[in-house]
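Pasting a structure here, questions to come.
Labels run A, B, C, D and E following the written order; every chain starts at residue 1.
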Amino acid sequence: GDGGDAATSSDGTTALKVGVIPIVDVAPIYLGVKQGFFKEEGLEVTLETAQGGAAIVPGVVSGQFQFGFSNTTSLLLASSQGLPLKVVTAGVASTGEADKDFGAVIVKKDSPITTAADLAGKRIAVNTLKNINTTTINKVVRDAGGDPATIKYVELGFPDIAAAVAKGDVDAGQVVEPFLTIATGQGDRQVVSNYAGTDPDLMVGMYFGSQQFLDKNPEVAKKFTAAMTKSLEYASSHGDEARAVLNDYTKIDPAVQKSLVLPKWPGTVDKDSVQVLSDLALKDGLITKQPDLGTLLP
Amino acid sequence: MTVVSLPGRASARPVSLGLLGLAAAVALLELLPRLGIVDSRFLPPFSAMVRSLAEQATTAAFWTATGQTLRGWALGLAIAMAAGIAAGVVVGSVPLLRALTASTIEFLRPIPSVALIPLVVLIYGSEMPSALVLVVYASFWQVLVQVLYGVADVDPVVRDTARSYRFSRRAIVRTVVWPTAMPYVVTGFRLAASVALILEITAELIIGVPGLGRSIGLAQSSGAVAETYALVLVVGVIGVLVNVLARAVEKRALRWHTSVRRDL
Amino acid sequence: MRRVLPALALPVVLIAAWWVASAGSTSFFWPPLRTIVEAFPRTWTADPLVNDVLPSLARLAIGYLAAVVAGVALGVAIGSSRTLRELSEPLLEFLRAVPPPVLVPVIALFAGYTGWTSKIITIALGCVWPVLLNTIEGVRSLDEVLRDTARSYRFGRVATLWHVVLRGASPRIVTGARQALSIGVILMVISELFGADRGLGAAIVQFQRGFAIPQMWTGIILLGLIGVALSGLFRLVEHRTLAWYRGLRQAERGA
Amino acid sequence: MTVILNVDGLAKTYTGHGREVEAIRDLTFQIHKGELVCIVGPSGAGKTTLLRCVAGLLDSSGGEIELDGASVKEPPPGMAVVFQEYGRSLFPWLTVRKNVELPLREKGLGKADRRAKVEAALDAVGLRDSADAHPWQLSGGMQQRVAIARAVAYEPSVLLMDEPFAAVDAQTRADLEDLVRRLWLQLGVTVLFVTHDIDESVYLGQRVLVLSNRPTVVLEDVRIDLPDERDQLGTRSSARFSELRGHVYELIQLAKKGHRPASPPSAG
Amino acid sequence: MTVILNVDGLAKTYTGHGREVEAIRDLTFQIHKGELVCIVGPSGAGKTTLLRCVAGLLDSSGGEIELDGASVKEPPPGMAVVFQEYGRSLFPWLTVRKNVELPLREKGLGKADRRAKVEAALDAVGLRDSADAHPWQLSGGMQQRVAIARAVAYEPSVLLMDEPFAAVDAQTRADLEDLVRRLWLQLGVTVLFVTHDIDESVYLGQRVLVLSNRPTVVLEDVRIDLPDERDQLGTRSSARFSELRGHVYELIQLAKKGHRPASPPSAG
């Protein structure tokens, strides 16, 4: 891919395509578009949904998307493999409160597993192997004195994790909202909040663009960051509106929508927590060398 | 004259019988969760799916998505059929070409379209062409293999007849090879039609190309189980309709064939 | 030798073309073939071969064979009985149209989320269609005179099935089985996207997600090679079982 | 003698695919146990149709067929059919030997018994050398002889043959004619034999049923009052033979011209 | 008269599928332009093989075939073949009319012309009524007549027929024999006619080539010195006819017994 150009129309607005995953995490950008924060910057943003980084990263690299959303570990992986990506703004972060985070490891109500240490030697379902969820679970288990090497991870989609837990096919599963609320509503129990347990300010996901595009269009990047920061802050301070905007791009049940735990949407990237994730990735063998956080992060 | 009513009866029968089969499946789908054999949280009863479907059917978005899916599917299928038939007839009628391409074809066929997703996104992003490439790639092989075997099925006496009357190569293809391969092509069409639908949906689901698949993806990642299956129902129904179409085509085009003429 | 040469000619040309065209590639997702080839031995060492590839192939073999058996059995039943065909066709078409990514969770609901069962069922469910459809059509297009011959000599059910119906339909059954083979390989990958921790498909997807693109390419190439190997194996079987058919079809071509 | 086959008012109309063909209008005749009856008639008269109805392979559209007192609904046991489409009636995936052997196996014969019968039958039709060939490696006449060998080896009690010697040379034909007569005399099998060769019908049969043009009725039931001991040279040169063959020939000519009997002909 | 077909030392051995059959060992004969030559020989002698070689549909394993001075490598223009497997040589997906018409279309004939020729040919074989049926809706003899009509309508300069009347009744057969002779006289077409019917070969041909048993050579080239004007009753009852037919019959019997000529027979 050549990084591409932003299409700027005659009236000075720039059309942007942003690849996002249709989950709670990206509520701020939807809200921001709705509130006109991007328009104010002269950006005409179209949001395109995809199932995960596998579809978004190549899209950004090839210039099909100008920006994308991805979890931090994926970005670290890409960066350490030499993909020229650059984070432009923070995305979503842990609430930092145990049992009140937007992602956690759940077990059946009557499961003997009660602490993170109990997870050692168990079968745990995660939505992607060798990624942010496994490294953070490993971390909390290790911290609790268990040996994460004995954990057997199984990959399942979020919608199926609760079912697998209920069926007893796995001992535990890591889910995020809205599945966390759905599962606990149906009687499942949280064992540990793996994000908050890793770092209270854990940067779980971020918005990024390709190095090439950013070099060519520094102005656009700046405007996008500005609008995005505004959106993040707005979403943080207007929780109800953030919940309401979910209606626009998800099909979350209204009751769940009302009670689910919203993540934190900080306006800036918490570099320390990214470093933590990078260290974890290295430790768990996801990467062989530390990516250059200086070039990856803004 | 005694059996004049026969054709009418014959055309009415499959519909009702087929509906009976579907009804049995519906009953099973309703009963399994209701009797607690499967957890209704994860597989809702059929009635819940239908209720959800009825709700969605009132929205314009649903119909737009259905239209987008059908368009992508039909286009991809048409391209795959045309390319598969052309390539199959050419490669199948020229032994040298067949020998040359055999290993390459076998190499390319098992490569899952899913593995190609990053590549097509790289080129086309999450736009319709992305799904189209995947659809064409996957269904092309279905048609090709069927046509290859169909072309090889030409009766040698028939072929010799055509040769002895010095039919041109083109005429042989049109009047001998094509009709012989036709039953295989129909099967190829039926196989390709569903593979194309599957890939269209999958591409929409994973890449986010607009269509029913994307709606399924949305419903899935929102934990909306009933809605997910409601959409799956729609996809299945499209599959059934496609088959009805294929059977109708077969009935006309293969009137002469043993399989059709016997069970008139 | 005469058979091997043309089989190699085109691949050699294509590989050469790929090699040359990609030599100077700087694109992250289209690495030079050279890089991929270099990554191959590093990627597919003994451990992944034993722990990823072998289990995958074993699941593929079981699922595929189950599909062929089921497809032929069902196909013969449906092909022989018009009533059964009309009864089951819409339902089968419905199931056929449901994409594996949404079907897999339903299978898992019954067959378990982890372990081999649901993966084998996924593979079998994908492979069964070409076999089933072709068997149905093969049985339907069996020569009437042959069928009458068997009937007039009052062949028993088993003999009719074995000596007449299956043999007569075998060219089409083989067509279907051939189709199913590559679908099986594809579903082997798809089944491992779900509830797997190891396996060839899981490995490829992990490479993809970890942006280890050359390694991902080696996985794709490995899949292709498996496809070629399996089809070679298949051809051996086909050669034996369909010798009569090739003879029949070539009989007048001066063989 | 007991009536083994009773065809009463048989009618058959083919419908479908936009055509309606009244092949057989009204056929009534009876065949006694152990009789050898030849059927001749114009091409397209419905001989094959009749045979397929008798064999229980085709549903009639009217009338009744009784074999051994039981109405024929499906192929009755102890019957063998040699089809006009001999080439298509052989299993291409089996060798000649296996083709002949398979019905015997289905009949429940032991291995040694089967082998002996197969060898004898192949010998009788002169195909011993080709036992291991596949049908598509044989000439047309050889294929037809395989079909005959299969029927002969089966030792049926009712034998239906539809132009079984159409593709063999004159000498082989004579040999096969004698084979059929020998089998018939030895085993007491009831034979229904469709042929286009008038000489053959007279030489072989005890009766010759001459069919009319389509829609078919029986034009005449010619009794062949030649002695039961027949031989190719003597019988064929006898005056009565020429007379009978002349009569049948005339009937065929009449049939082709569209002549039909005024009143229903009397059977037997 | 010019030699149109020159078969010189033709040999054909079938190999493959575990069998090796020497069908034709050494065939040498010539046919002049406009001749009508019949070929008879035991079943499995290689008549069909010979015809397929002449038609350019089968590669020989030795010897040379020249048609009109050119070596035959592929089907030559202006040739029509009626195959022994008449049933399989018709296109089941086409109606009778279309089956007959298709070669004419390939020949480049105009629509009106085609229609006239098709109607005439179907009329000649008595199939006018079945023009819109599909081949599988016809009786065996009718299918064979369709194949004949197709060849006749094509108006070939060389006509190869492989037991073309095997499945039709005696009267139709006689009619078709006369049709072939009429066409031959009118159009001057060269005819190679394989038959098992000895009377037919003598009635039709100017020469009868009698083939030996496999591996095949020419046993004798019998010149039929009957007048060119022939009719079914007169010719067949002539003394010379009986003589010739007796001679051919004897040859066939010899052939079947495995008799082979001592020295290569002289052709023509």
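Everything that follows uses one rule, which is that a contact is a pair of C-beta atoms (placed from the backbone, for glycine too) under 8 Å apart; a residue touches a chain by one contact, two chains touch by 3 or more.
For reference, the UniProt names are D, E = NitT/TauT family transport system ATP-binding protein.
In this text, all values refer to a predicted model and were calculated from it rather than measured experimentally.
Trainee: Which contact partners do chain B and chain D have in common?
Mentor: Touching chain B as well as chain D, we find C, E.
Trainee: Using C-alpha centroids, which chain lies at the maximum separation from chain E?
Mentor: Farthest chain from chain E, going by C-alpha centroids: A.
Trainee: Measuring from the mean C-alpha position of chain D to the mean C-alpha position of chain E, what distance in angstrom results?
Mentor: Result: the chain centres lie 27 Å from each other.
Trainee: Mind checking the centre-to-centre distance between chain B and chain C? Centres are C-alpha means, answer in whole Å.
Mentor: About 17 Å, centre to centre.
Trainee: Where the CA atoms of chain C average out and where those of chain E average out, how many Å apart are those spots?
Mentor: 49
Trainee: Report the inter-chain centroid distance for chain A and chain E in whole angstrom, where each centroid is the mean of the CA atoms.
Mentor: Roughly 83 Å, centre to centre.
Trainee: By the touch rule stated above, which residues of chain B touch at least two different other chains?
Mentor: Chain B, residues with two or more chain partners: 39, 42, 118-119, 122, 155, 157, 160, 205-206, 220, 228, 255, 257, 261.
Trainee: On chain A, where are the residues touching two or more other chains?
Mentor: Expected reply: 1, 52, 54, 57-58, 61-62, 157, 159-160, 163, 167.
Trainee: Residues of chain D that touch two or more other chains: which are they?
Mentor: Where chain D meets two or more other chains at a single residue, that happens at 17, 85, 88, 134, 137.
Trainee: Looking at the complex, which residues from chain B come into contact with chain C?
Mentor: Against chain C, the touching part of chain B is residues 13-14, 17-22, 24-25, 38-39, 42-43, 96, 99-104, 106-115, 118-119, 122, 141-142, 145-146, 149, 152-157, 159-160, 183-184, 186-187, 190-191, 194, 197-199, 201-202, 205-206, 213, 216, 220, 228, 232, 235-240, 242-243, 247, 257-259, 262-263.
Trainee: Using the touch rule from the top, collect the residues of chain E that touch chain B in their complex.
Mentor: Touching chain B: residues 52, 55-57, 74-75, 77, 79-81, 83, 85, 88-94, 102-103, 106-107, 134, 136, 154 of chain E.
Trainee: Could you pull out which chain C residues touch chain A in their complex?
Mentor: Within the complex, chain C touches chain A at residues 27-29, 105, 108-109, 112-115, 193-197, 202, 205-206, 208-213.
Trainee: Which residues of chain E touch chain C once you look at their complex with the stated criterion?
Mentor: 14-17, 52, 57-59
Trainee: For chain B, which residues count as touching chain A in their complex?
Mentor: The contact residues of chain B facing chain A are 39, 41-42, 117-119, 121-127, 205-208, 214, 217-225, 227-228.
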